[in-house]
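Taking it in order: structure first as structure tokens, then the write-up.
As written, the chains take the letters A, B, C and D, and residue 1 is the first residue of each chain.
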């Protein structure tokens, strides 16, 4: 069951990821990306990381992609006249991406025996993905990074507002 | 001078805290609406309950008969002439021997039609009629229509029945293209020409 | 035995879906009757006794109307939008605990569609997806009014989601769990969260209004400035799905408000009842109480709609960002301090 | 041993590695062939997510919560990044009326 689900979700994620890249309509790209995030959330649930699955949906699908869609609608990007890279550049891109994939696959294959060895099964804790465990870790061991994140958010908000503000005398130019 | 005591002075003073958080105002508004929830409803359930109409209300037309059950209409065309909406048309015919019990006058309307979509229920036809033949009932309204063919009321639906109850047993004949009927426009036009 | 539980579970899930659809259907009738009553009118009372068949007549009418897709619309997304709106609206009702447990055989089965220990996050995530239906539908119509409605919906939902999340955090701090069932059980008897979190409740309720696009926050479809907003171009059952999903959302929001703040299926004196009647009957009474609370909030949603006029857009934004979010943060801080002081 | 999640017993971690690498390469391909700044941004998100998946799978297989905490941080940083990045794209669009990255290389308008 878990195996079938894994392959199905993997296929879904890869196919919709590819569709993100190849669809010409930006709104379609956004929707395929959301589908990718959903299948990744499915993977997180398979991996017993419910909290991350929920946060992935809320943050990525619920907030970030809405912002993308929002900007696409505002910029009225329904025209399909986006220039692609020239054909030789596309070929080169496919070749180089393929090469990177090859290197990664080769490296994985080479180190697979070391990776396969699961950590000592006696102390294995399947509950690490649950909210309680994550919260304990987050608020004890990683408290300072967590607090720094809030400062990062503050900076990001200030930056976004500063960038998005209208300069004096400027007319709304959308 | 104040016409009503509901007027309020306009002021631009700053809102107090209670006004700025809106919640008391929202609660007041909710109170007002819920008060109306329990009020008696003013709606009249029309087909079952009807508002009383004035005794001189002008409703659906009827072609009257006299005391002996004869049609009063003599097809003089005055109603059609007086009709501002040009809703009435008729075809006149001479009374034959042996029909005296049917028609009071020597001439009668073989066809009498009122277009209810054109009619404005002004009652001029009733006023114009020298024979008191057409009458606008005060207790009956022209009903709504489902199709255009129902709009034109012929004698079958206008004429009073012998025992003064509807539906009538009047003739079912309707105007046809070959009929020569009194054209109110033509009549008016002629009259103007004569002047 | 395993199969039995599965059967009961699927019956519960089907029931939850059916009930949310049924309640949404009759909400349309209730809304029209209530609006009429608040305005000294009668409302629809012709189809069936008290007009109770009116929703069916409406559905038949919507189904038999002409399917129309504008020529310049994006066809698939145009159909996808309302379907997505309906889907997300229905999905969020799955985790709501409608009652305590049912005793079947020797097993106790909780009256809840899916039991997850992150129920709050689940419903929050689904709610945050609800805006996609509106955005996609509005964008695909290729109409400036629809687009404006869609853009308004997006910014409104994102803004109010923040305040909503922050308001929930205070409740979560009190119960120490993301499990909706645990949150309900913490409010045993009359020990409801609303007595501890009145401010959080008001913030949450306001945000729920905004998330459901209900008056006074119905700017995405404000009919007198944007024609119909995001559903300007829609007709027949696609329009029906949009309108219907609003009522499903309203039902879910009411249920979640009663779960989070009004104790769900808890009521004062429930222990006394539990001692004297069989377990299943006590559960049934709890479910009835839960639905009574939900119906009250649906009524409240409608009551507000026919009382308060619509906000202006800048007022909406400044209310969300400048009032509700700071208030929610202050609420969290105060809650944290009180918890620290008393524990 | 029976505590192990089903997926850990059935699927070797190399599968997750391969899957994540493939997803990463798709994102990279997108960055290389597309010229719309927004699509590029989305492809970068795709790459970030493949890394997230890898971190999560390692965290589960090694039973170490730190990996998941890192994913949480990455998501937070990604949210901040998107807020600023989209603001920049909107500003660029206001000024040069396009989001084609080829035209951005001039660095003036």
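The rule is simple: a residue touches a chain if its C-beta (ideal position, glycine included) is under 8 Å from a C-beta of that chain, and two chains touch if they have at least 3 such contacts.
Quick caveat: nothing in here was measured; it's all calculated off a predicted structure.
**Student:** Write down the chain pair with more C-beta contact pairs when A-D is set against B-C.
**Tutor:** A-D
**Student:** So which chain ends up closest to the centre of the protein, judged by Cα positions averaged per chain?
**Tutor:** Of all chains shown, the one whose C-alpha centre lies nearest the global C-alpha mean is C.
**Student:** Could you give the separation in Å between the centres of chain C and chain D, each centre being the mean of its C-alpha atoms?
**Tutor:** Once rounded, the distance between the two centres reads 33 Å.
**Student:** If you average the CA atoms of chain A and of chain D, how far apart do the two points sit, in angstrom?
**Tutor:** Taking the average C-alpha coordinate of chain A and of chain D, the gap between them is 4 Å.
**Student:** Hey, how far is the Cα centre of chain B from the one of chain D, in Å?
**Tutor:** The answer is 75 Å.
**Student:** Return the distance between the CA-based centres of chain B and chain C, expressed in whole Å.
**Tutor:** 51
**Student:** Two or more other chains in contact with one residue: find those residues in chain B.
**Tutor:** In chain B, nothing touches at least two other chains.
**Student:** Could you list which residues of chain C touch at least two other chains?
**Tutor:** Counting only residues that touch two or more other chains, chain C contributes none.
**Student:** Could you say which residues in chain A touch two or more other chains, in rising order?
**Tutor:** As it turns out, chain A has residues touching two or more other chains at 51, 55, 63, 67, 74.
**Student:** Going by the contact rule at the top, pick out the chain C residues touching chain A in the complex.
**Tutor:** Going through chain C, the ones touching chain A are 74, 77, 116-118, 121-122, 124-125, 128-129, 131-132, 135-136, 139, 142, 147, 150-151, 154-155, 157-158, 161, 178.
**Student:** Residue numbers of chain C touching chain B in their complex, please.
**Tutor:** Those in contact with chain B are residues 34, 37-42, 202, 303-304, 306-308.
**Student:** So in the complex, the part of chain D that touches chain A is made up of which residues?
**Tutor:** 1, 3-8, 10-15, 17-19, 21-30, 32-36, 38-39, 41-43, 45-46, 49, 52-53, 56-57, 59-66, 68-69, 71-73, 75-84, 86-91, 93-94, 99-100, 102
**Student:** Quick check on the complex: what are the chain A residues that touch chain D?
**Tutor:** 1-3, 6, 10, 13-14, 17-18, 20-21, 26, 29-30, 33, 36-37, 40, 43-44, 46-49, 51-52, 55-56, 59-60, 63-64, 67-68, 71-72, 74-75, 77, 82-85, 89-90, 92-94, 96-98, 100-101, 104-105, 108-109, 112, 115-116, 118-119, 121, 123-126, 128-129, 133-134, 136-138, 141-142, 145-146, 149, 152-153, 155-157, 159-160, 163-164, 173-174
**Student:** Where on chain A is chain C touching in the complex?
**Tutor:** Against chain C, the touching part of chain A is residues 25, 27, 31, 34, 50-51, 54-55, 57-58, 61-63, 66-67, 69-70, 73-74, 78, 130-131.
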